[in-house]
Amino acid sequence: MKDPRRFSRIVSYILLAPILAFFISPIVWLFVTPFSVRPSLFISFDGFTLNNFVRVFQNKTAINAFRNSLIISVSVVVLVTTCALFAAYVFSRHDFRGRNVLLYVLVLFSSVVSGAAAMVPIFVLNLRLGLVNKELGVILTLSGGIMPTALFILKDFFDSIPRTYEEAALVDGSSPMQVMFRIFLPLSSKGIIVIAMLVFAQSWSNFLIPFVLLRSTSKYPVSVAIYTFFSEVGVPDIGMISAYSLLYTLPVIFTYVLIERKFGFSFYGGIKG
Amino acid sequence: MPALFGVDRVRKSLMGKKVVVLLLIPALALIFIFLILPGLWVLKIGMTNETLTGAKARNPDFVGFENYAKVLSDRFFYNALRVTLLFVLGSAIVGQAGLGLSLALLTYRKRKLRSFVQSVVILAWIIPEVVVAYLWIAFLDKDYGTLNMLLSVLGLRKVNWFYEYPLPTIITFNIWRGTAYSMLLFSAALETIPPSYLETADVIGVSAWRKFKDIIFPNIKSYILTDLILITLWTFNVFTPYLLTGGGPSFRTELLSIYIYRTAFRYFKLGYGASIATIALLINFALAMFYLSLSRRKKA
Amino acid sequence: MSWIVLENVTKRFSNVVAVQSVSLQIEKQDFFTLLGPSGCGKTTTLRLIAGLEFPDEGRIYIAGRDVTMELPKHRNVAMVFQNYALYPHMTVRENIAYPLVVRKVPKDEVREKVAFVAESLQISELLDRYPQQISGGQQQRVALARAVIQTPNVFLLDEPLSNLDAKLRIEARSFLKRLSMELGTSVVYVTHDQSEAMALSTKIAVMNQGRVLQVGTPREIYDKPINTFVASFIGNPPMNIIECYFDGSTCVLEGRRIDLSELSLVAFPRGKGFIGIRPENVLLDAKNGEIAGEVYVVEPLGFETIVTVKINSCSVKVLVFEDVPYKTGDKVFLRLRKDKLHVFDENGVRILRRDEL
């Protein structure tokens, strides 16, 4: 009998190969087609070119959508990060009755109120507030949805920072506000940056909320724009769409790689049980 | 020691009350307005016959539970429910959990291999859903998709996947999409088993199947539960299949989320759509409560 | 009024009472140590003085003011934490300057004071480094500098020497004592190490389970412990506490009778009681003595030797300042120096001598 460990390893490889092929196949297309001279729906490569990308940059809707995505995502990041940061600081450092209950209720709501079902009342809400077809509506809605998770993760992270530094600062003569801004925030900057990055990835990728709330093509972020490109009647420009998709995807991949590398956060994708 | 009037002795931290409230309000306000309020309000909207256009847009009537009664006798609703149930069962419970566990087991204690496999699988998870939808549309295209090209090279007939096998196709798609989470969770779960347990079993000469049944499974039971409930909730609400099939052909892949979308945003029947949505949210809530009660019982 | 006063202070955490009705008076020139085992409430008491916790009952006064519910910044106290709590994102200079910076002291004044304090504590060359880059002993001096620069009402030190290795600890201890003498500010010091307490303090408060058992000068605590707990906590090796039976003024131990009438105690215990005698006050004799026993182990420590002698009911430690001719298993006699012997009642409370009244 061969070395059992080697045997098990061979078995693993045999079983894993098709599974990996299964996972990789649709993805390979994304990285090959944009650079192909004659892009097609199957994975083919017959000459390197950057032409497809040129056509992306010539497409006004596409570029506009990039701008919209950026505006929306950055706004959500700023809004969620600051609000969640303050609230998480309180949740972490201030013990009030029902604190844990409140947190769990919030996270519960954010997992229950999700998907298309949630979009119905959210749409009506935006309607009443006059925010339909406005970027602000998308920004606020996205922020409200992401906030509980951001709060939960941030609070957890804040809990792990020892209080001695804040206590020393208090005794040194700082007011609680000075403690938070001069001492606590610099110490917790790593975690805050990670949350900001996760929030960015989530809002950048989001499709449903802008899809439901926005009507004008000029306001579409990239997610909705791509959908209109490939679902429209007519012959889609495969090269352009694939290049556009690649450009759209890269920031997300980049963000997660950065988080993994620099901060060694075994990420839960920003979602915790 | 006599009580001192007007002196607040119960100080829960070193921040004043004013400061605490100020810091909490922005986050809580946003959450309340854009998450909690809609979650509760949807019930009431479901009791009106509001539409986005037409007569009932300006002056919706209050119709009580009429909509809800309609839902319960709506064959599209039951179709959507059935499709969703099959979808969740197939892609989440059997698919993602099963595949995730298998991958975790196959890469157990093989650090470099696991890293590589995880990277591939995670890629499927983090690529934005619109892109992923298009990747699959391209991959499965009936004439030029990679899979069909492969089949024809092997001498097999090309298949119009979204048309001939719609539900299995989106189930497969969703397995592909979401396995990463289960794999990560189960890998972490396996890490919690002291290696000595399994090494002892090796010394005794236990077979792989028994190792799993007697040692591994009992130790990761709680993780399995957590995983199942979470991915059930997520899969129940997922909307991406809409980008692939639009709910067709002939509503054969119309998930509840897609049905709600069709009712509220294609036919603009906001009131009726809200009543279906309320029911869907209640199902969500029931699932979440089920999870909480189970996990609390574990902790007790 | 004393410089720092705690009046019947009680502090609870959930259902645990950390500090129970503690009253203390600390004078301006005191080096006041809170001494006790882990969990006795000494650190909590220190934090109550600092203002990091607020008492559930009682009042706290500093420099004549009632500061019971005031934030630390209004109390003008300086604290050195056990792990120094040097802000890792600031340089040594910025750390030391911090208390002045938050009080909006003008920049020139800050620069001057930092230079002066750094010079006095011999850390001038470290000013531009970060806390992670300097050694433990240096970190401690930076923490001290940060405390000193404030000219506070009182220095609060929470086990500042416990993170240093043994040799450094002895040096740092003398440095601390000298520093406090030169500054002339009150110090409240927390430690579980009784030799530190003895070496540094003008007054010691021995605590256990949230209560203050005894307050006194080191000498008082050492020579006149209020009960067996205090008696056995102070001194290294600790005082020998031996249970015995009292019949009038005679102590019956191991079948032998020891006449203690010469001690002129206020009273004698009736029946069960304890005698306590420090190891240095027990003499070994090969031929005769009050108690007979067998040598259990001999530990030579260079300057002194500790001999543990087993008698029927327990072991007695004897401290001798020379080599001993005994080895394990030898039969010896113990002679007790009666003038240094303490008697405790059945509850462990020390019985006073007539001249102590």
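Per-chain numbering from 1; labels A, B and C assigned in written order.
What we mean here is this: a residue touches a chain if its C-beta (ideal position, glycine included) is under 8 Å from a C-beta of that chain, and two chains touch if they have at least 3 such contacts.
Since the structure is predicted, the reported quantities are computational estimates derived from the model, not experimental observations.
Chemist: Would you mind checking which chain's C-alpha centre is most distant from the centre of subunit B?
Modeler: Greatest centre separation from subunit B goes to chain C.
Chemist: Could you tell me which two chains share the largest number of C-beta contact pairs?
Modeler: Greatest number of C-beta pairs in contact occurs for A-B.
Chemist: Based only on mean CA positions, could you tell me how far subunit A sits from subunit B in angstrom?
Modeler: 16
Chemist: With chain centres taken as the means of their Cα atoms, state the distance from subunit B to subunit C in Å.
Modeler: 60
Chemist: State, to the nearest whole Å, the distance from the C-alpha centre of subunit A to the C-alpha centre of subunit C.
Modeler: Subunit A and subunit C have C-alpha centres separated by 56 Å.
Chemist: Name the residues of subunit A that each touch 2 or more other chains.
Modeler: Residues 170, 176 of subunit A touch two or more partner chains.
Chemist: Got the subunit B residues that touch at least 2 other chains?
Modeler: Counting only residues that touch two or more other chains, subunit B contributes 14.
Chemist: What are the residue numbers in subunit C that touch two or more other chains?
Modeler: 52, 71-72
Chemist: Which residues of subunit C touch subunit A in their complex?
Modeler: It is residues 50-52, 71-73, 76-79, 81, 83, 85, 87-89, 98-99, 102-103, 146, 150, 156 of subunit C that touch subunit A.
Chemist: In the complex of these two chains, what residues of subunit B are touching subunit A?
Modeler: Those residues of subunit B that touch subunit A are 12-16, 19-20, 23-24, 26-28, 30-31, 33-39, 41-42, 45, 50, 99, 102-103, 106-107, 110, 113, 117, 120-139, 141, 143-149, 176, 179-181, 184, 188, 208, 226, 229-230, 233, 236-240, 243, 256-258, 260-261, 264-265, 270, 273-274, 276-278, 280-281, 284-285, 288, 292.
Chemist: In their complex, what parts of subunit A are in touch with subunit C?
Modeler: It is residues 164-165, 167-176, 178, 182-183, 186-187 of subunit A that touch subunit C.
Chemist: What part of subunit A is in contact with subunit B in the complex they form?
Modeler: 8-9, 12, 15-16, 19-20, 22-27, 29-30, 33, 40-43, 79, 82-84, 86-87, 89-90, 93-96, 106, 108-125, 140-141, 143-145, 147-148, 151, 170, 176-177, 201, 204-205, 207-208, 212, 222-224, 226-227, 230-231, 238, 241-242, 245, 248-249, 252-253, 256, 266, 268-269, 271, 273
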